[in-house]
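The structures come next, written out as structure tokens.
In the two complexes below, chain A is the common chain; its partner is chain B in one and chain C in the other.
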Partner chain A sequence: MIWHNFWTGPNNSFLLWLRIILAFVIPSALFYSIRSVSPFTRKIIVAAAFFFTGGVYVFYFLWPQPIHRQPLDIPRNLSESIGFMLSDSVPVAADVANIVGAFLLGLGVYSVFSIHVDKIRKGHRDSPFSIALIISVFLMLFFGYLNYYQTLKAPPGVNMTLPQNWHFAQYARDFLFNGVLQQMDAAMFSLIAFYILSAAYRAFRIRSIEATVLLATALILVLKVMGVVADPWSQLVHGLHFGNNQFGDNFTFLNISNFLQNSFQSSSIRAVDFGVGIGALAMALRLWLSIDKQTGT
Partner chain B sequence: MAINPKPNRSIGEVLQSLPRQWLYTILLIVSTVPLFIQVLIPNKPEDSSIDFYQNLMKIPDGSVVLLSSDWTNSTRGESRGEFDAIVKILMRKHIKFVVYSIADPQAPQVARDEMNYLNGLQIQAHLPTYQPWTDWVNGGYFPNGDGTANAMSISLRKAFGGKKDIAPNGQLEDIFLSPVLANVQTIQDVKALIDVTASATATTYVQKLGQKMMLLFAVTGVMGPEALPYYSSGQVSGVTIGIKGVYDLETMMQDGVNLPDATGKVAVSSNHVVGSIGNFPGMSNLGQGSQYYPALNASLAVFILAIVVGNIGMFMVKKEKSRTQ
Partner chain C sequence: MSYYLAAGTWANQYTDTGWFAVALTVLLCLFVLYNIALSHKKFKEGKTTFIRRIAGLNSIDEAVGRATEMGRPVLMVPGLGGLGPVVVQALTIFSSITRTAAKFANPIILCCADAAVYTVAQETIRDVYQSEGLADRYDPSSVRFVSDRQFAFAAGVSGIILRDQVAATFFMGDFYAESLIFAETANMAGAIQIASSTQTTQTPFFIASCDYVLIGDEFYAASAYLSREPTLTGSMTGQDWCKMMVIFLVVLGAIINTQEIARVTFGPGGIFNQHYINQDKQHSAIVNLPAARPAKSSDSPIEHLFNPQDDPSLQKTIVRDQNPPDRKGASD
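Up next is the complex of A and B:
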């Protein structure tokens, strides 16, 4: 038994096929059997699943890992075997997580679909919008998969992703994706600028010392980005010097904002990041060890 | 019918409560008109942008890099310009790349469309196009960014294993059969990871790949403050932020850094750079950055003006109140 090769095997070997079959049979059996057990047993099973899946990353982080490992390297002892197995496990865990993530996308589509079909069925006053959404989903699906199918079935040497080879399906997909969806996406996002202007005009008032400091800092950072102001100002202060010391250069908007960002902004963000990191660690431990109240209930 | 006359409002009150429709109209005009006027605004690139450009230019010609394209058209005002400038540099240095996303399912298609646009520009300029599969491949979307980045740090071949793209024969083939990745065995065979992002993907890459390879980030203005601490700590080799960052890149592509022109004048100088960094003379270096930068300046001027007007109004009202009391 080669420990470091637990997740893989030679192509078409009996061992590889056995693992593939077991990987399908065991989770399927587990999935169906879990439905018939008591809530307490179910809680134990869920906790065990959490522990083992999360454990891959925890033990990978804690256990010594092979450095500059080459494809043909073989472990020399148990410690290295475990290290090899864990490092082989992480890409597999990533694949599983990617597959689960893809299922979540499908779940999202199903959820949107069920809500809007229900609205149409009940004759809700917003049902015309729901109808538009369902039609849009189907149109995008149809032309998306037609484009995909035609790309796969293209004559040898013809790359259907290149515009010079496009037919109706590709133009339709491009119109729906780039002409409609992406443009609406951009339009929605650009609206933020108008709201920010309105909010800044109404709320950004110098009512206190804190507000004044905030406003002055924001002004310097904004002026740094504005070349029409920052460049003439730089040239003006560049003339201020004591002997060979370019004293005035300290007062360019670029240098002042660099000072503000490196001294105050970065350190503040690091402090926030540390706090978030410790919070995430605490939450991860609760989930991993199933001591969170919601787990299994 | 009785008509309610508008109460007489003081100038201060008027200045404090301008109708939002006016503000919106002014912003619409001010942010749109400069897009149609080509004005080159003087620019001094930021240190983080200079380092980004410097490290990108240091990558040996013909190398392979990873291009994490984590943006869609919602942030195209900034991200598209960054993507275009970076890909232009990669094309000119014949650096092959894998484009993929860990942030958005739409992103790989957006990147593919953008590559078609950039190849169109190459054709217009009578330059060779950057061929899909031969010069770049599309690695697609990874829903679990953290896990994928972790897997990449262990084995790039396993992390990207099974990903397929259209080969020149028109069929889907494993991307490791492409000339881009044929000689790539581990993450060390890739010279850099460039992340064009509008999301918090920068943190993921710093955590998982920061010690294994050079990281370069092209982020939106909103994400800039989150990426800068990694730059100032040396964990990231360069950061370019927002439209200003795009314009910085285009300025350096046009003028280089510490590079004298024919008259001996240095357009972009920096004591951050030892020696000089080259440019791309005679090529179309200016793009979205130079096109959008005047609009950014004008829009920010409107923001400042609006805040100043609001505050003047507030002080006038305060003064009137103190006088009447």
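Up next is the complex of A and C:
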């Protein structure tokens, strides 16, 4: 027994078919109306669509959601009915976004191809790279789908994830994905270590009092993770004490770094985060209500 | 006395902090909307809002002018994020940069890591050229989708920076580990760099390697700063009100918490003169304790307010009928 809400319907029922048809007709009508109306009316339609779709999420935030809801639960009252409908609408909205995203990805791939095919056609000096890119895309597509098809059609009991059952397509896909793509990703990531070094070399120079404080703080944090310095220093300061009070332990690199990070760094980052969060709230509000003239061009 | 905060009816956002979190959010929204209305009123009266100087934004013209003199393109990257407030804000800034570049007939390159962002960016940039009456200067390939894989995107953009020897770069949006790769590569190419990231973990990298950095909410103030449009300046004033509210709450919280700690430690009911309590807040509910116990600093109301807890007891209190007599809307 399943409770059906606004977004679903019983299998093969008139209600479900009506909803499926409306799901095609309403967006098609909206799309057609957007294309055929004047820019001013288009703006109103887009603003209304924004307000309605954004309103679902706003309402979802404000309306109390059902707690510990089970799949077979039935709402007990109007409050829960609305809560159920809103919580059910979020996955629907996510599905719509995924479908639109899939179409947009196609446009993205078209952009990549148009730029690189153009380069090859014009004989640009970088055209060998473009050829390599297009060949890579097609190779990955071909072996990816072949691997998927062979895995799907594998005889019962044959586990295609095990290398002993692999054919050429699986080895090729593994080589392209794990052997090439992942390794190149790792290579790019490892470059960051060297870039940090060169950026730090330029940035950490004593040019002012602030820069000196920054450098000293950075040095303490660096020394904290250098056992060869931090351990002897800890041993040394451990000996400082007033009676039973291990006063010197406050001056280990670990404790000084913790103090700096907890007292100064965390509070500063939180202040910045507050600002960013409030800025995002204001921006989202302007977008939802379509009052942002800048982005409405 | 024992009560549940709207047990069985209210959602998680109401169970522990009550109406506080929701009411605060609504209040912050009202601050923004009120100031937008106020800014429009001021604008009609011919008054303007003062915005302090932001060096990074003042340098946009300088950066684009330099690129024009050198005959090299301007590169813009809206980060890895999907279509959301951050990216829309980045595109708003980029449209302003593009407007300047279009006037100088300077080539631009805008690299995207998200297909949805790519399509919106393409429309935005095309609109800018059309609104300036320079539609013939618009190059569709100037807005590019590079890749949606983080390091493939980093490699692609780095390649563009080095091959095209870009003269100015604008990195604005959500950046992650690739931020330093971009910034350092552009530095090697000798580009003037203006950057901003809403990710606080990446801002230090930008500060270390870029010429100008917009920190935190300066990123959101950028469009107001560049356009001086009343909606945006009003929104920015509203944001300042919101920040004042947050500062007030932080100070209030610190005072109340300090007072609670002082009371528990040194006050008449403190450790030295032990104070006992017979009620406690357990999993969002105030319950009578079987026996009085010494008060702790964690018993303070402010501690309860900012430490929401899930309430397993609510699970037991809700029994929804899965087979009621009237199954309206239900089927097999």
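Some notes on this structure:
Everything below uses one rule, namely that the second predicted complex is superposed on the first by the 258 of 297 C-alpha atoms of A that agree within 3 Å, B and C clash if a C-alpha of one lies under 4 Å from a C-alpha of the other, contacts with A are read in each partner's own complex, and residues count from 1 in each chain.
The rule we apply is simple: a residue touches a chain if its C-beta (ideal position, glycine included) is under 8 Å from a C-beta of that chain, and two chains touch if they have at least 3 such contacts.
Being a predicted model, the structure only gives us computed values, none of them experimental.
When the shared chain is aligned, chain B comes close enough to touch A:Val222, but chain C does not.
In the superposed pair of complexes, A:Gly101 makes contact with chain B and with chain C alike.
By the touch criterion defined above, A:Leu152 lies against chain B but remains apart from chain C after alignment on the C-alpha atoms of chain A.
By the touch criterion defined above, A:Ala93 reaches chain B but does not reach chain C.
Applying the stated contact rule after C-alpha superposition, one finds that A:Arg202 touches each of chain B and chain C. Within the superposed three-chain model, A:Leu62 lies in touch with chain C and out of touch with chain B [touch as defined at top].
When both complexes are overlaid on chain A, the residue A:Asp273 reaches chain B and chain C alike. Residue contacts after overlaying the shared chain place A:Met188 against chain B and chain C alike.
Shared contact residues of chain A, touching chain B in one structure and chain C in the other: 68, 100-101, 104-105, 181, 185, 188-189, 196, 198, 200, 202, 269, 273.
By the touch criterion stated above, chain A contacts chain B in their complex at residues 57, 60, 68, 71, 87, 90-91, 93-95, 97-98, 100-102, 104-105, 151-152, 154-163, 174, 177-178, 181-183, 185-186, 188-190, 193-194, 196-198, 200-202, 204-207, 215, 219, 222, 225-231, 234, 252, 254, 258, 261-262, 265-266, 269-270, 273.
The residues of chain B lying in touch with chain A in their complex are 18, 20, 23-24, 27-28, 31, 41-44, 46-47, 72-77, 105-106, 109-110, 112-113, 116, 120, 132-133, 142-144, 147-148, 150-151, 154-155, 158-159, 161, 166, 168-172, 185-186, 188, 203, 225-226, 228-229, 232, 242, 244, 247, 293, 296-297, 299-304, 306-307, 309-311, 314. Chain C contributes residues 6, 8-15, 22, 25, 28-29, 32-33, 36, 85-86, 88-89, 91-92, 95, 112, 115-116, 118-119, 124, 127-128, 131, 140-141, 143-152, 154-155, 159, 163, 177-178, 180-181, 183-184, 198, 200, 203, 205, 207-209, 215-217, 219-221, 223, 227, 229, 231-232, 235-236, 238-239, 242-243, 246, 314-315, 318, 320-324, 327, 329-332 to its touches with chain A in the complex.
Per the touch definition, chain A reaches chain C in the complex via residues 1-5, 10, 13, 61-70, 72-76, 79-80, 83, 100-101, 104-109, 111-112, 114-115, 118, 126, 129, 181, 184-185, 188-189, 191-192, 195-196, 198-200, 202-203, 269, 271-276, 278-287, 291-295, 297.
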